[in-house]
Amino acid sequence: MTNQIIPSVKRRQIIELAESGKRMDGRSLTDLRKVEIKTNIVEKAEGSATVKFGDTYVIAGVKFEIGEPFPDTPNEGVMSVSAEFVPLASPGFETGPPDENAIELARVVDRGLRESKLLDTSKLCLIPGKKVWIAWVDIFILDHCGNLIDASSLASLCALLTSKLPKAEVVGDEVKVLDEYVPVPLRAIPINVTLAKIGDKLFVDPSLEEEEVMDCRLSVAFALDDQKQEKICAMQKGGVGTLSFEELLRAVEIAKVKSQELRKLLPSGEK
Amino acid sequence: MDKKLITEDGRRLDGRRFDELRPIKFQIGVLKNADGSAYVEWGRTKILVGVFGPRESHPKHLAMPDRCLIRARYHMAPFSVEERKSPAPSRREIELSKVIREALEPAIFVELFPRTTIDIFAEVLQADGSTRCAAISTAALALADAGIPMRDLVSSVAVAKVDGSLVLDVMDAEDKLGDSDMPLAMMPSKNLVTLIQMDGLLTHEEFVKSVELAKKGCMEVYAKQKEALDSHFRIASKEEV
Amino acid sequence: MTNQIIPSVKRRQIIELAESGKRMDGRSLTDLRKVEIKTNIVEKAEGSATVKFGDTYVIAGVKFEIGEPFPDTPNEGVMSVSAEFVPLASPGFETGPPDENAIELARVVDRGLRESKLLDTSKLCLIPGKKVWIAWVDIFILDHCGNLIDASSLASLCALLTSKLPKAEVVGDEVKVLDEYVPVPLRAIPINVTLAKIGDKLFVDPSLEEEEVMDCRLSVAFALDDQKQEKICAMQKGGVGTLSFEELLRAVEIAKVKSQELRKLLPSGEK
Amino acid sequence: MDKKLITEDGRRLDGRRFDELRPIKFQIGVLKNADGSAYVEWGRTKILVGVFGPRESHPKHLAMPDRCLIRARYHMAPFSVEERKSPAPSRREIELSKVIREALEPAIFVELFPRTTIDIFAEVLQADGSTRCAAISTAALALADAGIPMRDLVSSVAVAKVDGSLVLDVMDAEDKLGDSDMPLAMMPSKNLVTLIQMDGLLTHEEFVKSVELAKKGCMEVYAKQKEALDSHFRIASKEEV
Amino acid sequence: MTNQIIPSVKRRQIIELAESGKRMDGRSLTDLRKVEIKTNIVEKAEGSATVKFGDTYVIAGVKFEIGEPFPDTPNEGVMSVSAEFVPLASPGFETGPPDENAIELARVVDRGLRESKLLDTSKLCLIPGKKVWIAWVDIFILDHCGNLIDASSLASLCALLTSKLPKAEVVGDEVKVLDEYVPVPLRAIPINVTLAKIGDKLFVDPSLEEEEVMDCRLSVAFALDDQKQEKICAMQKGGVGTLSFEELLRAVEIAKVKSQELRKLLPSGEK
Amino acid sequence: MDKKLITEDGRRLDGRRFDELRPIKFQIGVLKNADGSAYVEWGRTKILVGVFGPRESHPKHLAMPDRCLIRARYHMAPFSVEERKSPAPSRREIELSKVIREALEPAIFVELFPRTTIDIFAEVLQADGSTRCAAISTAALALADAGIPMRDLVSSVAVAKVDGSLVLDVMDAEDKLGDSDMPLAMMPSKNLVTLIQMDGLLTHEEFVKSVELAKKGCMEVYAKQKEALDSHFRIASKEEV
């Protein structure tokens, strides 16, 4: 924050390059960075995945635990998404409880997963009003090189897609967890795509240097349900700049195309 | 989910048509200590906003050499909702504070006040849906009351899909039982979006229509904001005479 | 704190004016500021009131919730009073958990309400030892222009006086809350009066500028029970100055008279 | 409430008359690191007080240009009460820390030490009623032990109404089952009140009598404080020889 | 930290003196300071003890409370050890939650007590899986003049050795605590001994000035079981210096001898 | 406790002999932002370590005029253990952060970087025993990757007593059901111990043998560390060509 000169020079360079449709790292404005997904890397978790978007590196783990339902949804399990910006991921991250950025990230990822109706929480109920499965989705940012929302959303999705739910027997008021697993009851699949606006251009999958000089970003999540219907299920503008209505609609169009591209990378058996 | 949110004759639970705002009553300059303040009764949603600044940044290392720091806090009274809310800030309040700040900041000439801070505090006294939209619209008036130079007001409203229809200015029951919620804020005379969030399931077509409806709503909120400012400054200038 | 000159000049002015029985805002030493009470302004709360003492502006809300009794009073409901100095009320207030001033305020208000035996907590018991009504009284300071204790006490009192208790049916170990209300079981009515000591004078209902230069303050709560008996039910000295015994007794005398004046302003049907 | 707190012959649970203090034993200079310290066994109430300062204010922005900053902390050991107390400071401890500071500060010549801080730490090892009074009276001795110039000592005691009678120096059972509790602190040779709090129900007349009884009690505490100081400094000066 | 000169001068003095087997306070390298133990000083606690090692002054209190067992040990009571560095003990201590030093201290004391199998937690079970006794051991540092680990370990031990467990009757799912006491079920007795390494010398029971200039410290706890078998039950190195393997083994030998000396000071009836 | 940890033919649950390490795979330079980084898969224990610094101390009052400040944080992912771990730092994590720092600091030339800070962050992604030993050994590689001048590497391993036998490189099941656990760290070429902790019950003789076994284990870890460094810098220098 103390030095405002470097960002403004960088911003000018990025905008100039974008005039000819190019970016600092050689991509076109609508290119994603290389996306790598690995699943089942933490055997003690019921599901886990690491995702890289270029050098951005994120891990998500899923744990199932028996707990109480919310009073207003006694017949439904609970999904809880948290994110930690662990300090090895960036010289700017500090230890301590999640700040507004980590909280926003977790809540945006949560909305994508929740609103798509990915997880069939009605099937996570064990004893109505008393005991349900809680799905803890924990995100750790391991290397912050831009576009944490898309990487975190994809890692959380892949961890859930590949997770296994312990089988449980209910006898009276007691729940006995067996040493067997059933698949997690999933429905629609949400994919999140973020674009940065810099000047009057939209940049798909912004890098850290693009984020540092952007006006604002727009994240859009698309859900594909079991009838192959594609819908918008979540959206979030971030940053202190503005969008024209035309830019807003254009961003949503681009995000839709890119979500289809990302969807093809999902662990096989899923799409 | 059995409850019908739209009656047979196309009216909503409180009798509104699909594209109708709730009664909105802004009051400007309601607090003595704050540099600017405004209060809104937006249907049953009641919010008080106070603004301090530009003032010295504290702690000092937050000060920025080339602009003013904007801080915003969205905070709910424990008694503002059905179940008492714990006084500690929830994750929801922290996220909303961030998006409210980002919705207002584009309208403020931050370059004019380097090394200072403007604090925007929104206290929700009663929450009945669309509180972030009401907070943003009211905060814009409090900023004006504080005499802070702005590019434009910021006007905000939410659109929901309930029982298959898109409706303007979401109230609590519609938010809880509806299929989607999309708050949007804009600088009305600049035609620029400063906030958009969405959750729920919308087809592309529904989304485009939602944006149109939100824009119409924002323009109506804008008219009410200007009216409130006019009447406030008319009274203020009379008092000075 | 950095500038000590203005307060000391102000203090001298205030003391000089007081010599002729006058105050900066035109009041006599024993005058209250204009007191305004509004009730039922938050419909979602079971009770609510805003109170103004001049520009001092306070809101209190009451929520009833079912919870557990304290182990040592299994047959009694619980009253819990909290106060928040929300930052829009004063340039000096900061966000964060209540500081010692907010805590002292809540505890002084609480003692007035509690020691007067205002609330008949024995009637708030649902299932002895297990379930009782908890009355949450939450105070928000909205504009701090002096004498927060009296304004907050009065707002809390008026919120309780006008609140409605949900009717509840106990069947076995379950409590069913009905959509009906009964009046809250109230007994004696406490009124708090605060005086500031500046120099050798006592100032009723001190303004913010008086508080800033005062030696100390004394708050006295008087309860009027259903036999019309008036008693002292709570007292608190605040600030780093001292009181002579004569001043102490004189302050209590004045407070008594002023409490009777305030009592007349209570929402009708109550006194 | 069936338990009688006053027996037929006018004695209290521990055999005291209504206007009698519990045995009070002050010890001065009991800690090595603290600049001043004192310990009291006041009936079964046991409190250790340590004083540091005047010392550099930390953090620095707390320093005041024209006087010393006084800080006080009243803190209870988890094992000091019947039910284990959680180590986090309770609202009660925070309020008591404030009133204890305000009870002691009038006696200290704060103008003599601008830009510095004096810290007063009172640790309650066992609580059996009147802990704030015991903490104040003991802290006055710790301040004296630290060589901090004072206008006067501060002496404190509580008066309660139990079973219809006013009694001096309230112990735990009387506090819990009694009708009122009124702690009072004063600078005895100045005849000035530095602390008064009250809860319970008292007629005006009872209140006036309570104050009289508290004053008498404070004067007796004062005598014990002076005795402790005398004997401490007599020993100290002998040791120096 | 700002002045590094005084410590390095002090360190040189201490090392020079140690060459001739002496210490600043007149002790030999293997001498303990004068140890004083007082028990039952807090009558409201079930057990309590103050311990002095020279001017180091520590109090420990034991409270028994009924609570829930850990899920993985449903038939065992719980022991919880905490330490607070209360600010009157040292100009360097601050108010606030325990820092890493207080946490390390509590955990080292805890390991000594726990690993020696001092407390027979199986006898603290009331209703398996539901209700057990929790033994809260709380340590307060009152005057910090060096070697807090040994003083705190000894205070905690003595508080437990002299504590009394309330007798309890189990009727169905209810526990009734009687006004009688039984002895606490104890087995082996652990004694902790700490040595500081300064230069190439080992200092038993280091004083504060020795700790301030030490390379590192080693704490070793020895347990004596009811068959009079003596074993090492816990060990902790602290500080940023190193130990040679020879020094490590030598320190353990010395600690053993000193633990036997301390063991003789335990409240009579115990060993 | 019925479970046998050592089979009849002297093998452990995972087939290892008593003095055998688990498979250990170090990777160096795995993060872009960190100044140095390393990752280990040590049996099923998986830890990522990042190092920042020497960098400006923040807040500034922490800076030391004659040396570098070393900070270390040991932190477990909520999903790293059987029962989800709460994200707030546990007392165990705070203690381990301290001993890990004290195990590494003797190897760093702290005098070379006055007024700066080196931060060492170890994130446990999966915990299966000996996590502090794995974190220390991996952190030494991350420090080397950051180019921080060191006296020696630090190598660490734990020895346990299970079913009456001493075994090298403790895994989770052995830690939970065993009779003792003794983590030890050393600078291998200096033959100096930088960490030792122990809990459990050991005779003097068993303790001496445990130390011997730990030393042997550390030397084997050291060999693997050097191998990882060699291969990393070989690749790095090729890449530079």
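By letter and in written order, the chains are A, B, C, D, E and F; residue numbering begins at 1 in each of them.
Please note the rule applied: contacts are C-beta pairs under 8 Å (C-beta built on N, C-alpha and C of every residue); 3 or more make two chains touch, one makes a residue touch a chain.
The structure presented is a predicted model; accordingly, all values stated were derived computationally and were not measured.
Common neighbours of chain B and chain C under the contact definition above are absent.
Number of steps on the shortest path from chain A to chain F, with steps defined by chain touch: 1. Matching the C-alpha atoms of chain B with those of chain F calls for a turn of 120 degrees, to the nearest 5. Taking each chain's centre as the mean of its C-alpha atoms, the one that lies farthest from the centre of chain A is D.
Chain centres computed from CA atoms place E at the largest separation from chain B. Centre-to-centre, using mean CA coordinates, chain E is 27 Å away from chain F. Chain A and chain E have Cα centroids lying 48 Å from one another.
Note on chain placement: the centre of chain B and the centre of chain E lie 58 Å apart, centres being C-alpha means. Distance between chain B and chain D, defined via averaged C-alpha coordinates, is recorded as 52 Å.
In chain A, there is no position where the chain touches two or more neighbouring chains simultaneously.
Residue positions of chain F in touch with at least two other chains are not found. If the chains shown are joined wherever they touch, the resulting network closes on itself as one ring, and no chain has more or fewer than two partners.
One full turn of the ring, starting with chain C and passing chain D second, gives C, D, E, F, A, B. Residue ranges on chain F touching chain A, taken from their complex, read 31-34, 37, 44, 46, 48-50, 52, 55, 73, 75, 77-84, 87-88, 119, 121, 123, 125-128. On the side of chain A, the complex with chain B involves touching residues 1-2, 4, 100, 103-104, 106-107, 111, 114-117, 216, 218, 223, 231-245, 248-249, 252, 256.
Across the complex, chain E meets chain D through its residues 41-45, 48, 55, 57, 59, 61-63, 65, 82, 84, 86-91, 95, 97, 136, 138, 140, 142-145. Residues 64-66, 91-92, 94-95, 97-99, 101-102, 105-106, 180, 182, 187, 190-204, 207-208, 211, 215 of chain B are the ones that touch chain A when the two sit in their complex.
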